[in-house]
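Before we start, here is the structure in question, set down as structure tokens.
Chain lettering (A, B, C, D, E and F) follows the sequence in which the chains are written, and residue indices restart at 1 in each chain.
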């Protein structure tokens, strides 16, 4: 029978004694394409932080989220899902080239594509948000233009910075221009804060549905879930979660903090309300450990990952007894 | 007339010039059993942090809470209670033996018992949560099985860790097994986050009433108060407050942070709604200063203590003019 | 045509490459009285921190808020106001004399008065709250007794500390006594936490309207705005924002943290609800950088400033096409 | 027989379980003038930080040094002295008035004088350096002009700051002017770093012997001791130790860091070389905890205190068997 | 041919993109006893921190040292040794039981013994120093009483703490009593700071050679090396390096900091001077990350490990061409 | 007469009240090419941090060094030089393009060249070390191949990283290849730590003189000065100071810390020993504020700048009375 990968047991030895930090104490398989067991989800670190307009430091995001994630346990009592129904591994980090963003995007796209081709869901741990350009390109190469569900304080649809086109604030404009995103099937949620004058209304002009935080703050999570599902339908979904969606009191360790945002409880409720979506790509980005304290941002990021994995498990492994799954890497 | 112990006056000299930090600038009496004045409440530090599954550091919790508490003033305008109606002292720290948890529990129980026997309420400043095993044993020796009102992100009813039975996640199972807690008269509130599969439903199975945070988040504080009072009735109460009940944005300095929790305002509102209970034991635990910043966790812990002391004062000293009280240490 | 001062363009070069940190990347004009352009608003640092009862450190508040403010962009999408309608400069710091509070108040009043005389709104970045004594005196010298709209966890109406009358907890009593504040046209909002017994009801006794945080927590922001406008009417307003109004989870870097307060989203909503007031003085105080982490308090303070500047712009520059304004420094 | 005050035994219970932090776990006696036992040394906190030209925060110096000092043990193996030969207490904090430096000096002088009059050596824990003005005045009132042995990166002999005469950089000029210091019997050691042009040679002009750090770096500690003893002779000595004497790598938590200074080992060797002096006053100042990390500055300050207490013990209690001593408070 | 384990190449992808942090980017082999390649050295984390008398936190030492060690490169230019001559792996963490020190020692001894039996050198990353009790027992079971070369600020030869015999300050007394250490062939170096009176001369009384830091500070490193070699001879050596040997300016992240110690350059020079010893056990202990800043302590610990591995390589793999080695795990 | 630019007077108002932080409280002139006064030295921030192999964060180096530098005073008592003999300004920051290193080098070279052409010495505040590629190119365009005096723990002469040629570890190889550096007239000092095998001896092979830290540690500073002067002669000199030259205890806030290095006192002594050189370019790089604490690294960097400015002043303005100087920007 095919091997099922699961976390090390923290009741047998202390979680802080689990050796090198892998995501959720999962097995580390540096070359997942040759693994013998089934892989539903592969966690991939993407330690970029070059193409950013304010604070750097996100290159240590994957390490910090892995470190915090050792506290995660298998079962989610709010949703009744045991995420270890999914066979999961930690696949290490993607190649990046600090200071050379275009080169990074190239290598990253090449690194990610085999996962999508084999039906493995890579859960990307950033790194700054600019990495999604490669994620979208690789996804679109396999699935066509993707639906994006985008949690963020910023729309990231600016045109250029200092004369360059690929930056951590331009990807969702570039994605539309390149045809790798379908904005008519995509939602942006959580935007707030001061903006450049040319940025006003620009995401809507590109075709995105935008739910600003001020509106979302008053919206019932279930209503939010319905709006997302209505927009997305049964399209392959890339969920992109920028940790600055959450208020800096909860997520200080980030590159471009934006005060006045949601708390962590509401954030998790919104994620839980998403309901069944056909997740093909997930990224959690902009955790910048040098600006964190006591890993609170990393802990939050790890729990966001946990909730999203639960959503995936509910769809992909609805019955824990199921032991085979077309499209997994076996 | 019997001496009434009260805080040093911070309007006469700056609070930061109050000398060695005692809780709330109270008199320090190392051996309260020989004190000449009346003692309603004795603050006792219990600096344990050995038997914990994630972060240590709580051994410096008593020092940090004392340091923050110098900011407390006498009067609570929300409830109209002046806590200095209670005659209070700082009784220093309890003996502990780091690395030897069973020995710590023995010595701690012996240290606490005389307080309960004399009707003095010891307000315990932890230290990690495992210390309540001694508190429950000492309380039960005097009052029989106690009612526990337990604020926490975790139920702490697991059976064992790595083969040991006394740990900071097992006390409320052990307490039932040992007969020192009456779960049918006890409430746990605030639980959330991922759990071990075997932990699902286990507190309820032991007989506890459990109000998870997700339910509590939508509950009116008054309704919460009614449920607690209905459960507890007029039983002797031990209130156990694990600071990780509150979200890590508000309480980062703790051993096992659990994101997605309440804010500080709501926390205080819930405490204020408790109403008259027959408090016999109070502990505030899991403040881990090495993981705190700018003492925000310690400040919160000191205000939680202040609110609880106000609850005690309202019951024990309803009329400030009253100068004698059966059951105090005089 | 008169020059209009505006921020450096952060899309042309990175905001972190904008040279010496001025507020919002505005031009620095050390001697604004001789400036050739129009000045609607002059940002003035007031680095006091001597006369405080708990933590010092606010002397580095102006530097830290300037540093965080480089992230601000021109447009406020929540209110539709572009704050750069206002011609704004950074006017450097006011003279202070650490350790000599009375001397500081004298020099500060003399420094501020020319701004008020010329109709320039100085946005004061504290420094501890005691600086408002000079602000009120200078404002009253030009405009008569001012209406104060005061956001704070503390009322600051105590009579004396250790025998001295001017301190960061006495200004709003002194202001009434000196006749520079009109309490009947003033509002205090956000008070909470433990108090000295003599402090109970004292602000109301002086004539202030007080909206404690517990009440405000349940109030619709629009209702709050109506109450403030009804109280203030068309009087010249001094808005004083003590950052400890906000909960320490959001504003840890402050001198006298008070847990149990509002979050940043609600804080901004309350400010947005204020509506048209005749602002003549604004101060944002008690940011203490040594107790901050990752500048989250400074970021919040800079956004509070941004929201208030938007309020000013809406009143003073309702039509962006307007290029002249009586009462500005031209 | 007269009681001898000594530290709590850290082998009986953990040092971190010693209750409210007193210096070296000594008994806390708030009113030493009424103590029944003999007192050789009284530790007094002096939490000033107002009259300083750069960073504040030293008001929490006494608390932090007390906290670190719980690690001190009785015996000094380098010198063979057991400091507990001295009967020592913690006498709490002196009254100070933040923001009102002149008033602080008055109250502090009045607070200290009774100690000197009774022959008790107060070991002052600052607070910023400006406090020595009161120390010198009180000492001179009892002993006449004192010999100062001054360790510091700065000479503190400037004339005024912003028009004020008493500040943390002017005391050793003021002391000469007021006749409370005898510069011809005093030594300054450790000066370095950039200076104001008018400061060049000014200490020598006042009559002090100055040994700059650059010279001291090459000097044998024994030679240094000889020079100090030759200068001081048998005069009553006030030893003033500004923690910024040491390099900021070793003492980052200070108000005016000066790079390029001594390490901690050399610092202790210099203190050990001082030899028998007639200590009447000792202060350790400018520890600013908000700028410290992991208490390394406070630990160093506590060990400096320990070495100096050993010097005092060697002179005052040369024979441990001696149980009486003229001039102690009995 | 047998596989030789070596670090991931940091010139091919960034060292911060090397995936889960293993020591020096080495392969992680959780069960080394079944490995197919040769193993000269296995890095083993031992995350204890219970039985300590001051600060805890060392349980995160292995994680932090691994994190810092990714900066290490292969070649040591000071000694001309390429440490990758040794075939090395990261073997994860040993089982520990927080709060139950005796149980921890049992399990740890059982975990370590197979390494020694197979001739693999386990490089232990602590954890607090108490872990060496298990190391000594396991080593002695294989090799008889060991020679200890012990770098530390403290001798760790006390008899008991609070009534318990196994603690982080008693091991080198216990080791002699149990006959697992040969003190006549052992050296302790670096001792300094205040001590308990009963501790004076006690290590020498047990038979150890002690070179206090004050003596070592004046000793030529080569002379130190000669003394160690003369003492140790050709005995199997356990080198135990407590990071508090180094001054807290260089190693703030530790449990019992002792000021006045060596700098890092001198520390490395002393290690380099040791010369050829028959290393059978190495441990680097007392790194406590919650008290570190910017990982400077962990970086130092990783370089201490690197220097010691170089010493091992020079002895065990004198000729890089050699491809087999008796006593390695093959 | 031509204006002479000098710092704001810190005795007239507190240095912390000097408004927006410019280097040493100098006037800020954003466009120095149009300045009316003479300019000997222009301080230029170069906030790069993209092309680095370990930690980022140096983009905030210029801000942090400016902040710390407000503590600098005019006169250097060790050398007798008043640096304000030089007419100096702060010229703000150079344009950089994060994530696009080649573009950054282009724009930076264009930005710097006018300074060199006009004989103004730009003191560059990094930013990571990769910026020197632009500095060398711009200097060579004006002066021909430059002599480099390079203080660093690393030689920065590697050939490529991950396939790219311009990185913060390759510049001094590239400089030789491009002919903008004359290695036969250049010195590298301070190298230490582990290296890649291919790095051994590579700087010498390129023609550099290399004085490793281990050798330098034993060398008299005067001897070091002689060796540098002998090597450099009267060539135009670019002095490049990587803050990681100094041990991380003194300079923790850096990108690639290397333990075992010099302390700050020795560092300053080495700089003072350099003697008269024809400085044309100076850079101080690799200060990474997110990894600093209490600005100790920035303080050190500012004092390194101060010492070097003193060296420049001694050569360029030997007589303070001189008021004109060929080659300055007038």
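Everything below uses one rule, namely that a residue touches a chain if its C-beta (ideal position, glycine included) is under 8 Å from a C-beta of that chain, and two chains touch if they have at least 3 such contacts.
Keep in mind that what you see is a predicted model, and the values were worked out from it rather than measured.
Any chain that touches chain C and also touches chain D is listed here: B, F. Its C-alpha atoms superposed on chain D, chain A is turned by 180 degrees; the angle is given in steps of 5.
Averaging C-alpha coordinates per chain and comparing to chain D, the farthest chain turns out to be A. Centre-to-centre separation between chain A and chain C, using Cα means, comes to 39 Å. A straight line joining the Cα centres of chain B and chain F is 56 Å long.
Listed for chain C are residues 13-14, 16, 53, 55, 59-60, 95, 97-98, 162, 247, 249, 263, 291, 293, each touching two or more other chains. The touch graph of the protein chains shown belongs to none of the named shapes. Of all the residues in chain A, the ones that touch chain C in their complex are 53-55, 158, 160-162, 191-197, 199-200, 212-214, 217, 247-249, 252-253, 256-257, 259-263, 291-293.
Across the complex, chain F meets chain C through its residues 13-14, 16-22, 28, 30, 45, 47, 59-60, 63, 66-67, 90-98. Residue ranges of chain F in contact with chain D, taken from their complex: 10-16, 71-78, 82, 247, 249-250, 263-265, 267-268, 293-294, 296, 299-300, 303, 306. Here chain B touches chain E in the complex through residues 49-53, 55-57, 59-60, 95, 97-101, 103, 130, 162-164, 166-167, 290-291, going by the rule given at the top.
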